[in-house]
Amino acid sequence: MVEAAPLIRPEAGTAELAVRDLHGWYDESHVLHGINFDVRPGEVVTLLGRNGAGKTTTLKAIMGILSKRTGSVRFMGRELIGLPARAIARAGIAFCPEERGIFSSLSVEENLMLPPTIRDGGLSRDDVLGIFPNLRERLQSQGTKLSGGEQQMLAIGRILRTGAKFLLLDEPTEGLAPVIVQQIGATLRTLKQRGFTIVLVEQNFHFAASVADRHYVVEQGRVIDEISDAELAANTEKLHAYLGV
Amino acid sequence: MSATGDFILKAERLTKRFGGFAAVSNVDLAVERGTIHALIGPNGAGKTTCFNLLTKFLQPSDGAIFFNGRDITRMPPADIARLGLVRSFQISAVFPRLSALENVRIALQRQRGDSFDFWRSEKALNRFDGKAMAGLDEVGLAEFAATPAGELSYGRKRALEIATTLALDPEMLLLDEPMAGMAQEDVSRISALIARIAENRTILMVEHNLSVVADLSDRITVLARGQVLAEGSYEVVSRDPRVVEAYIGVGHG
Amino acid sequence: MFELLGIPPQALFGQLLLGLINGSFYALLSLGLAVIFGLLNIINFAHGAQYMMGAFLAWMLMTYFGIGYWWALLLVPIAVGASGVVIERLMISRLYHLDHLYGLLLTFGLALIIQGLFRNQYGVSGLPYTIPAELSGGTNLGFMFLPNYRGWVVLASLVVCLGTWFTIEKTKLGAYLRAATENPTLVGAFGINVPRMITLTYGFGVGLAALAGVLAAPIYSVNPNMGADLIIVVFAVVVIGGMGSILGAIVTGFGLGIIEGLTRVFYPEGSAVVIFVIMALVLLVKPAGLFGRTV
Amino acid sequence: ETAVKIGVLNDRSGIYTDLSGEGSVIAARMAVEDFGAAAKGIKVEIISADHQNKPDIASSIARKWYDQDGVDLIVDVPTSSAAFAVSDITREKKKVFINSGAGSADLTGAKCSPNTIHWTYDTWALAKGTGGAMVAAGNKKWFFITADYAFGHSLEKDTAAVVKAAGGEVVGSVRHPFPGTDFSSYLLQAQSSGAQVIGLANAGGDTVNTIKQAAEFGITQAGQSLAGLLIFITDIHALGLKTAQGLVLTESFYWDLNDETRAWSARFAAQHGGKEPTMVHAGVYSGVLHYLKSVEATGGKDSAAVIASMKSMPTSDPLFGKGSVREDGRKIHDMYLFKVKAPAASKGPWDYYEKLATIPAAEAFRPIADGGCPLLK
Amino acid sequence: MTVANTETHPVTLPADLRISTPRHHVVIFAGLLGLLLVAPFVLYPVFLMKVLCFALFASALNLLLGYGGLLSFGHAAFFGSASYVAAHAAKVWGLTPELAILLGTGAGAVLGLGIGALAIRRQGIYFAMVTLAFAQMVFFFALQVPFTGGEDGIQAVPRGKLFGLVDLSNDLTLYFVVLLIVFGGLLLIYRIVHSPFGQVLKAIRDNEPRSVSLGYKVNRYKLAVFVMSATLAGLAGATKAIVFQLASLTDVYWTMSGEVVLMTLIGGMGTIFGPLVGAAVIVTMQNYFAGFGAWVTILQGIVFVVTVLLFREGIIGVIARWTKKAL
């Protein structure tokens, strides 16, 4: 274990997303115990942590698909707690779940075109197929007939279309070949340049380090530390302790 | 390790077509007894499909499969598991409403043969508890023995799945991306575990985590577009330019 | 003149046509079931009762308000569909997070209640409903006398079935529906109002049942039990067609109507069970159903 | 003082609700009143239950009534299967059963019981009335549409026998599953058979549906006649005259037969929401009345004595006139052949029948020797 | 259900996880037996026998539904066929009641094997629909073949003499025989559920493909539990035929299948004692409301709806939650 780290309480204001004292439950079990963090516009922020730390749950709580949550999640000044998931999506947040969520009764193409366009400025269908050429060949197959990695590509690809500028990506590189991981890294950097804001949950630390501006460390349903990319080298020791690398 | 020619699993001209699309075509694969053999390749290369063919979750369109010299090409999946060829799933598969302990015990129970003994008390199963706990301990889940598997986090489900698979004590294990979604600490732990269990078993695994592949595997087969692209040790394969281009990418150390 | 297995060809054509008419009802009903199942993952056991409600409502409009068939054709599906919306909002919507069998049990209970209430109120002897004047009489097709009304039933059913099929399989709305079937949470997270979509779909499926009821009122006896046994046959139709598929529901509906019709000629004793026998065969050969997708 | 408990067991939720149901309770109560039981020192209590036309429910209610509730007499019980069940239990428990609602002639034939009296009608009498009279009127060629179960088969068999005996001919028959919804296919077969009469050897909803669809296909307009072998005035009421017109059927009672039936029916209708009585209701009235007379005559409710008295004493009431109860339990009276009026000929609701013929009591029912009732040996 | 907040949950030692027969089960079984031994002296024995037969029927369904995760909506087929065969054997062939019941039970088993082999090819609600459809087929069969007597059923079945010795026409004697049969059936079900076989069933219900990959022949297990359930349903039906001296279409009709599901549901699916309580409640209700015609159906419908919406665990399920004990 690590020595007790100070709780992070960043001040609000410039943040695009400000999460304060977020608690979350699965039915009866209390999983998030007061999450605090901020994401500034145009930033890539990762949530790091061991298995079961509560990273996925945090994303779900932001997205409004957790059975119960309390606290505050402000997105561009607007409170999201209490809103249904669809309203949160309409507000401009897009979510890519860790289990991918490809629909088996839809073709690859239909899967890709499914999420409605929230506003202008999303990638076009061809942009997405340009990033993930694998998909182009298989547009007419049943969604879940794709290989694990192809499904992952599809899951990322489809939310890029919506025009949402704020992405929640849960382990987007899981199960992807190294070439593709590199490609996704490049894509994320491009997106960042285009002004996207991204919250990334990652196990692949190298990947995370290659794209992110800042890292939050999650443990037992709390954010216990914040490390900026610049400080990374100085903090490897600490991170290894957190993550058990 | 040098080839002894004792192949536990052999596939010849293995082919699977989905409609007009050949997901796997003419793959020859030979896994030597007692080794860790890795199957890598870009996404959609046909690795999982190969697994499905080898364990008969899919029926090959063409080709033959031999396990311990025995032709298993037409055998149903459950029988293959009984012969000692067992797989794990890429997307994790646990018994969500059973406790972690019960998950492992179900696998241990298999050793009794098919338990159609509905007249006997389930207390007969208590004798597996020690082994089941030990199995959970090996993957770091001892403290979750009583937790329903459905409530475990993703990574822990994966760990549980491995513990369950190991409990079958199979002669040969097929692991589909065992490290996917695992935290670093678990990766090291599970790597060590795989290395340990490989001492008296054969393992065929699909894995995208190259450092794990490099550390563990004795031999590697690279698939691309359903065909074998290269085969050999990590040193050989990782320097093959075709593999670098199709799979590893230039950015990777 | 040649004969086919001892049946003159005219008679055979006649019987085929009659089978097609019955098939229209199977198709409409199994379509409604398939739509509801498709999105709510619920086997709507109340479907038979709602079909009956459709017929009764048509009768009530006529008896109490003097509103005729054509208006009933429009109003009744809307009214019964609306009752479906209420049922979905108040009851079924609470069951989505549960095992699907609860939906089956709930709608089974609803079917008992609806049928019981109508039985209490109207008895079971059946009530008269006449064929609208525009469609009375018939056409002599040479091989048979085809009541105009029955011709209309086939036509109406075909149009409704194909329209529904197109909407679900070929439009964006249909894609939402299918996606929401599998993972409503995620579709919601894409910004789509899934609950409302589900509610309306149930209403629509129920409306289809009611429409079938109105179509049936002039030719079958309007009585509280009219849907009870029919629904089981429709279940079998749906199993044969394969539940995942809208097209399967339609094609199998019509097809089985015809097969059943032929059985009535060649082996009338077997006509009650022929569909079940086919179901058993299909299960043996293709467990997912003729048009079913293996998931 | 004698306390008698009468159980009216019939259909109160199913297909026979309208022809039996609460109306039978009203009829039984009217019998008690008209008999003047209270004045004669006989205390009568009437209870009722729904057997849902199922033999198992009928038998368990009857068992409970006899075992626990002290019922002496069960009346009505439409649906033959239920009637057999009650008949068996009544015999075992040595009580009295007066059946009004059920049709099977076996109740006084092969399955007769010393404790059962079959009052109102039976399938043999219906076949005799409809089959015999139709053939006599020159309709010799018959085609049967038959419900494919024991009851339908026997209805067809009985009628075919009568038709043949009267010099007619059966040109074909078809069996439909029970219950059915679509009969058009069978009607088409009947139509192409060249028969003059289509005999409907089915019951309840099936008959109603067949008639309805026959009208749709223009069967009667094309010159064929429909003969209902088990159809009641309530069915005609449900069908409406437009659909049912021209149908020929046999009943043992019609409210509009004579002054006495009209007077009684008016009283009945007043208590029954304006609905006229069916022959089943009339039978319940007549049966209960005769039972009470026998209780009075024997001075007690000992079943054996009461039944003996019922069989020896001639019956007489305003609904069926004079009659008798045979040794095999068969009540004997006249039957009538009716034809359903065209809408134009009807003066109002329930004015449905035109009487074609009276079948005298002596001929209306199966001769006692032909029934094969084991009691008589 | 145990809810584990994983990080704070105390480490559970293997000893706590050991399987043992809970003491309260023994106590309840004993108490129940005691109660049932006295009951016929207080209540109408015929009514009690009906409750017992349905309790066994519902428990048989529960074995399949509550523990196998398979909702059969066609269990009347087994109950009814067994009832017909037993009635026919006793009445026409003149067999002694125990042989008639045995034969009926066997018929349930054979039919279960036939229907089960096809039905287990589908899961979930498809399974429910398939069983329902097959049961309807059996119903039509029963309606049309001569030996069942069509609408009339087989009536006046002699109760006969047990082993040719004990006369069963006395309700009380018969009651104790029925009690023996039903109680034995219940104990057998208890054992099946708590056997190694039962443990595998639970696993299959949870995740079928995973069970296959572990080497379990899933379809054989499902078929096995289906046949067991059908056999026990047959036992209940055959016994009922002897008790009521009647086998009729009601026993094979789909409403019967619905009723027995209702009993299981209201008592508590997947509980040992739930179906018993459910059967008692529903049979009492039917008894009490027999005079109200269509209201019986309406009431049953309401019970269905209310139970599903508010009361899903059923009576025993709720008690089990309160007392935190598996019942």
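Order as written gives the chain letters A, B, C, D and E; numbering starts at 1 within each chain.
Heads up, the rule we're going with is that a residue touches a chain if its C-beta (ideal position, glycine included) is under 8 Å from a C-beta of that chain, and two chains touch if they have at least 3 such contacts.
What you see is a predicted model, and the numbers here were worked out from it, not measured in a lab.
Set against one another, A-C and A-B show the most C-beta pairs in contact at A-B. Centroid distances built from C-alpha atoms place A farthest away from chain E. For this pair, chain A with chain B, the centres built from the Cα atoms lie 29 Å apart. Centre-to-centre spacing of chain C and chain D amounts to 37 Å, using the average Cα coordinate of each chain. If you average the Cα atoms of chain B and of chain E, the two centres end up 42 Å apart.
Here the CA centre of chain B is 47 Å from the CA centre of chain C.
The set of chain B residues touching two or more other chains comprises 151-153.
Residues of chain D in contact with two or more other chains: 13, 17, 148, 177-178. Touching two or more other chains at once are residues 29, 52 of chain A. By the touch criterion given at the top, residues 71, 73, 118-119, 121-122, 124-126, 128-130, 132-134, 136-137, 140-141, 144, 254, 258, 261, 265, 293-295, 297-298, 300-305, 308-309, 312 of chain E touch chain C in their complex.
Those residues of chain C lying in contact with chain D across their complex are 11, 14-15, 18-19, 21-22, 116, 119-120, 123-128, 130-131, 138, 144-145, 147, 149-150, 218-221, 223, 225-226, 229-230, 261, 264-265, 268-269, 271-273.
Residues of chain A touching chain C in their complex: 63-65, 84-90, 94-95, 97, 101, 103-106, 110-111, 113-116, 118, 142, 159, 162. The residues of chain C lying in touch with chain A in their complex are 172, 175-176, 178-179, 181-183, 185-194, 244, 293, 295.
Residues 44, 46-47, 50, 140, 143-144, 146, 149-153, 155-156, 244-246, 248-251, 290-294, 296-297 of chain E touch chain D in their complex.
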